[in-house]
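Heads up, the next two complexes both have chain A, just with different partners, chain B and then chain C.
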Partner chain A sequence: MDKKKNQWKAWLYLLPAIVLLLVFTVWPIFNTIRMSLLKDYDDLAAIGGATFEFGFANFAKVISYRGFLTCLGNTVLLTVITVPISTMLALLIAVALNSIKWLSKIFQTIFFLPYVTNSIAIGMVFMAMFSMIGGGPTTEPVSIGIINTIIEACGGTRINWVNAGSDYWSNMFVLIIYIVWNALPFKILVLLGGLQGVNKQYYDAAKVDGASRLRTFWRVTVPLLSPMIAYVVITGFIGGFKEYSSIVGIFGESMGPVGNPGSLNTMVGFIYDAITNNPGRASAAALILFAIIFAVTMVNLYVSKKRVHY
Partner chain B sequence: MKVVLEHLTKIFPSRNKKDKNAEVVAVNDFSLEIPDGKLIGLLGPSGCGKSTTLFMISGLQEPTSGRIFFGENDVTKLSPENRGIGLVFQNYALYPHMTVQQNILFPLQNLKGENRLSKEEMLERATKVAKLVQIDEFMDRKPSELSGGQQQRVAIARALVKMPRVLLLDEPLSNLDARLRLQTREEIRRIQRDTQITTIFVTHDQEEAMSISDYIVVMKLGVIMQTGKPQWVYDDPANLFVAKFLGSPPINMLSGKVEGGALYIGNERVLEVPELEDREVYIGIRPEGFLLRANGRLTCKVSGIDVMGRDISVVSTNENSLNPVVRSIISADEIGNAEGDTARFDLKPHKVFLFDKETEERIYFGEQVAAHEKIIAQMKAEGQDYVTHEGPLPREADDRSSSEQPPEEKKGILAKLKGLLPKKREKAADEQPEPVEQPEGQDDKE
Partner chain C sequence: MTENINAVSDEQILPAPPKGMKERDIRKVSKKQTVLKVLAQIGLYVFLTVIAIAVLFPFYWMLISSLKTLNEYNATVPTLWPQEFLWANYVTAFTGELELGQLFLNTVIVGVVSTILSLVVTVLSAYAFARLEFKGKNALFAALLATMMIPGELFTITNYVTVSAFGWLHTYTVLIVPFLVSVFYIYLLRQNFLQIPNELYLAAKVDGTSDLKYLWRVMIPLSAPTLVSITILKMMGAWNSYIWPRLVANDTMHRLVTVGLRGAAFVDEATGMTNFPAQMAAVVIVTIPLLLVFIFFRKYIMRGVSRSGIKG
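Presenting the complex of A and B:
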């Protein structure tokens, strides 16, 4: 009797959470799957009582888009390049921050700044830094950003990084710097936390054992941090596949430099673009993205099970 | 390898920036010669600076002043890896991600230049050491798959594999359960005898130190209180602290006075001490120093009797006792001498120690004078210094922040030098030790 009553109470207490989860998580997931399987799904038409053809037509359509392949390519490229770079940099910075006492608070603040800054705002600043307005092969530009100023001061030739007529790899380069820089704070935070949890005696022991700094780093620090590193890499991959706001920040909603819209579009960008016209196709793309992230995360987990040391 | 410590002092700067006087003197003018091939126990209550002393010998902490010699070499400035030491940490500090074998191999893999061994030699050395500490069957396990005692032995193997000149053990047994502790301390003794490596180990457990050390060094608040063979220190404590710290069950402390050539506890005349002047004293009586007699001189009220086989422990009370009870251990056939709840004891003079109430220094009387001199002579004959603390005791831990260092400690050129030492060095020494790259070709060649 008592037990049943308590169970009833437990469900009552869980109710707010369950309702919220049902409305905002379970139903959207279910609805996404439903929409993705209905050809040319339209909300208004659905309300009007229209029926849609059931099948995988949305998926087929999405995959056959050339634009989709561009988005997928951009996404994979950005992820594969930025995750290793930002992880390595974050590890080095975390180790450095952990070993300096002097000014470490100030450096921590500097490195954590991007974490608390709006990414669109950062993107605009990047745009300004890399910009070069006007100026062709023969004409002088109207204004150039600080990066080109520095390049010219060092004797190099200015590069059209992000403006009209800029080429794909210049754009990518700026994006990669932006994404790496933006990804650093969280990774540093996690790794620094991990480092501070490492018992100092391991370092004393390594010192007595005559290990050089470099060997201590590779043989002691990295293995001891491996759970944190795995976490950072996995979340990095997940975040990388969902890259969107950085491109909007730098290039605007056209997802590409002026004159070449969509050239830097990503998976999430593709989904956003499709939502208004064809929610069914957007749902299909979202599920494809989900499948990719799921697969990559599984691979990550499998690898880290072998490489994470304890 | 003989280890000589000269006037070692370690001062940790004040953590509180406002109160510069709050610096902590962890080790205070510590001088000691440790003979080659012996097992030395550094013994003292927590916070007495014994671990700091060990870490200074290891090179992980830099002394504020003073010097350390290994044999004839001054190693004060050498980094740990160049000193030829093996160090076993209190919680072993085994690398959790490496197998036992990788842990043992790690120090060998770090050797450089001409000291570098081939893979086969490394494996051979590791296997040999693993056999010595009897863990060779667990070579492929991770530390987490071993028991505490096995981890301990891996840590010792890792420390020994480089063939150190000095082996340092920091509270090596404190993380083990009671049974393993007994077993492992015998093991440490055996390994030390087999290898003949000068070994220094730190413990707060007097029984542990007494049972396996060749010599013990009793410390309090960074100062050596007494050195010597365990039995000597037990039989002939130089001051109140040492007497109280050694012995299980602990020594009985009573308050009394010398008057007219006799020792009084309360108004009972317990011992004849004709050569002593009248004074107030603390009286320490070892539990085995009592004889239960029908007409004994010291009267105590019996509150309990524990029969321990051959011996009997009589727990009694005396109003002059500084402890709650007076615990005596007497032979079983004396028990008939007790009447009701009153026990009358005679005291064995060589088990009774008198201490000055002011300085807490030992007051020798009767045959103790000769016994004391004999022990000092024996130590000299063995090449060991007899070191005790003289002068006022170091300030107690709780009034550290308020009082200055006792001026008696700062004398001679060394103290003057200490004052001249740049502040920077003290600060640097307090910071967490960082892995330092081993300079090429600076390896100590034996």
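Presenting the complex of A and C:
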């Protein structure tokens, strides 16, 4: 009797969550697959009774798009460049933080700051720092911006980073700097947490054996931290393939410098561009993205299974 | 016997000093080691300081730029400190096309309502999963966790179609309801609830306390830190969200702060150039609340973040 009463009570507690999840999470999974398989699916036309050709036409169309290949290329490049850099840098910072006493808390707080910022807003600050003001292809700029000023003060030559006429790799360089800046806090937090949990005896043993600092780092620290490293690499890859808002922050909705819109667009950007006018194609692109993320995560898990020491 | 073993292992561990080495030399070696250690420490501090400057510089640049005159900002050699403080940039940011007041109001309404509703839904579900017994509990929970693997973009496409069909475009509802339930928060809170000993629940039952009362009086106070973490992350999410709001509610009455900030052009009417100082002032206004929240709730934010890996 009491057990039965509990049954419906539990479902009552779960009701709001289940209703919302059914409408906004479960249904989308099926509907997105359905839309992706109907050629040029259009909602209004569907309500009007139109039928759509069933098959993989949307996928074929998406893959043959030059715009899509640009997006895919940008996404893959940004991911494979920024994930190793930010992971290595975060590891070095975490190890350094773990081996100092004085000011350690203050450094930790500073390094965490980028995490609690709005990535669109700070992207605009990076844009301001890298951009030149005024001037055209032939005329001298009024101001070359703070970063170029620093470069020239160090004896370098200024570069057109983000303005009209800037080249692809200059744009990418700014994006890489910004994405790494943004990705560091989470990785430092996780890796430092891991380091603080490491038993000090391992280090004492290494010291007693007369191992050098470098050797200790590669043979003790990295293996002991490998579960956390695997964790930040996997989440880094997943986040990297969904990169979008840092590019919007710096270059705006045009996803590229003035005069070259879309040149820095990503997979997610491609999907959002297609949502309103061709949901079928957007669905196909989203499923391709999901497949890529799934495959990369599986490879990551497979590699880490072999390499991670628990 | 034991002494013997000790002697052997000592010899293995400590490299034997070269023959003819006197005690004074050993002291010299240890002095050298101390010097090396100090140098290494200095190296660490230099490294960390360089990184800290790189991390802080954009914040510094944002602040000082927001106080410069347009002329000074556009100077050939950028100044590292404003020659005169132009607080009027903040007035420009508030009164210009941006309509920051309205943006703030919209964001606060959406943030507060969605946080409260989300907490209610999360607490009820987590309680059911942690304390109540029903058929298919584990299967349902596993199914929920499985949905966490799917990227949000996949949901967004259909959800856009759905909310259009509901006639929800350009309302507060569309900003609040579709992403109200977070499986991750349910999971987080359920883990917390499970740590509360079952004996308390049984004792409450014996006393005739109802489930809801027990939940309100015992479970919620005991898991307050997790609830605070969820609240902060949810509020920050509303403050930082960009993609979904831009897609479904990009009109003056409902636009959220990040969308408004990115959409505004900040063109100086006199010169036709970008008014970077006014833009930076707006960026400061958007960034400061986040930094304040971080300063006061550092512990809760870091606790939530280290377990999620999801920004915002």
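Before moving on, here are some points about what is shown:
Just so we're on the same page, the second predicted complex is superposed on the first by the 290 of 310 C-alpha atoms of A that agree within 3 Å, B and C clash if a C-alpha of one lies under 4 Å from a C-alpha of the other, contacts with A are read in each partner's own complex, and residues count from 1 in each chain.
One rule holds in what follows: contacts are C-beta pairs under 8 Å (C-beta built on N, C-alpha and C of every residue); 3 or more make two chains touch, one makes a residue touch a chain.
Bear in mind that the values here come from a model prediction, so they are computed numbers and not experimental data.
Shared-chain residue A:Q201: touches chain B; no touch with chain C. One of chain B and chain C touches more residues of chain A, and that partner is C. In the superposition on chain A, A:S226 contacts chain B only, with no contact to chain C.
Residue contacts after overlaying the shared chain place A:R213 against chain B and chain C alike.
Residue contacts after overlaying the shared chain place A:A96 against chain C, while chain B stays out of touching range.
After overlaying the two complexes on the shared chain, residue contacts for A:T32 are found with chain C alone; chain B is out of touch. With the contact threshold set out at the top, residues 99, 208-210, 213 of chain A are in contact with chain B in one structure and with chain C in the other.
Chain C meets chain A in the complex at residues 13, 15, 40-41, 44-45, 47-48, 51-52, 54-59, 61-62, 65, 73-78, 120-122, 124-125, 127-128, 132-135, 137, 140, 144, 147, 149-151, 153-162, 164-165, 177-181, 183, 186, 211, 236, 239-240, 242-243, 247, 258, 261-262, 273-274, 276, 279-280, 283, 286-287, 290-291, 293-294, 298, 301-302, 305-306, 309, 311. Listing the residues of chain A that touch chain B in their complex gives 99, 101, 199-216, 219-220, 223-224, 226, 309-310.
Only residues 58-60, 79-82, 85-87, 89, 91, 93, 95-98, 106-107, 110-111, 142, 144, 158-159, 162, 431-438 of chain B touch chain A when the two sit together in their complex. By the touch criterion given at the top, residues 3, 6-7, 9-11, 13-14, 16-17, 20-21, 23-29, 31-32, 35, 43, 89, 92-93, 96-97, 99-100, 103, 107, 109-122, 124-126, 128-129, 133-134, 142-146, 149, 181, 184, 186, 189-190, 193, 208-210, 213, 231, 235, 238-239, 242, 244-245, 248-249, 252-253, 268, 271-272, 275-276, 279, 282-283, 286-287, 289-290, 293-294 of chain A touch chain C in their complex.
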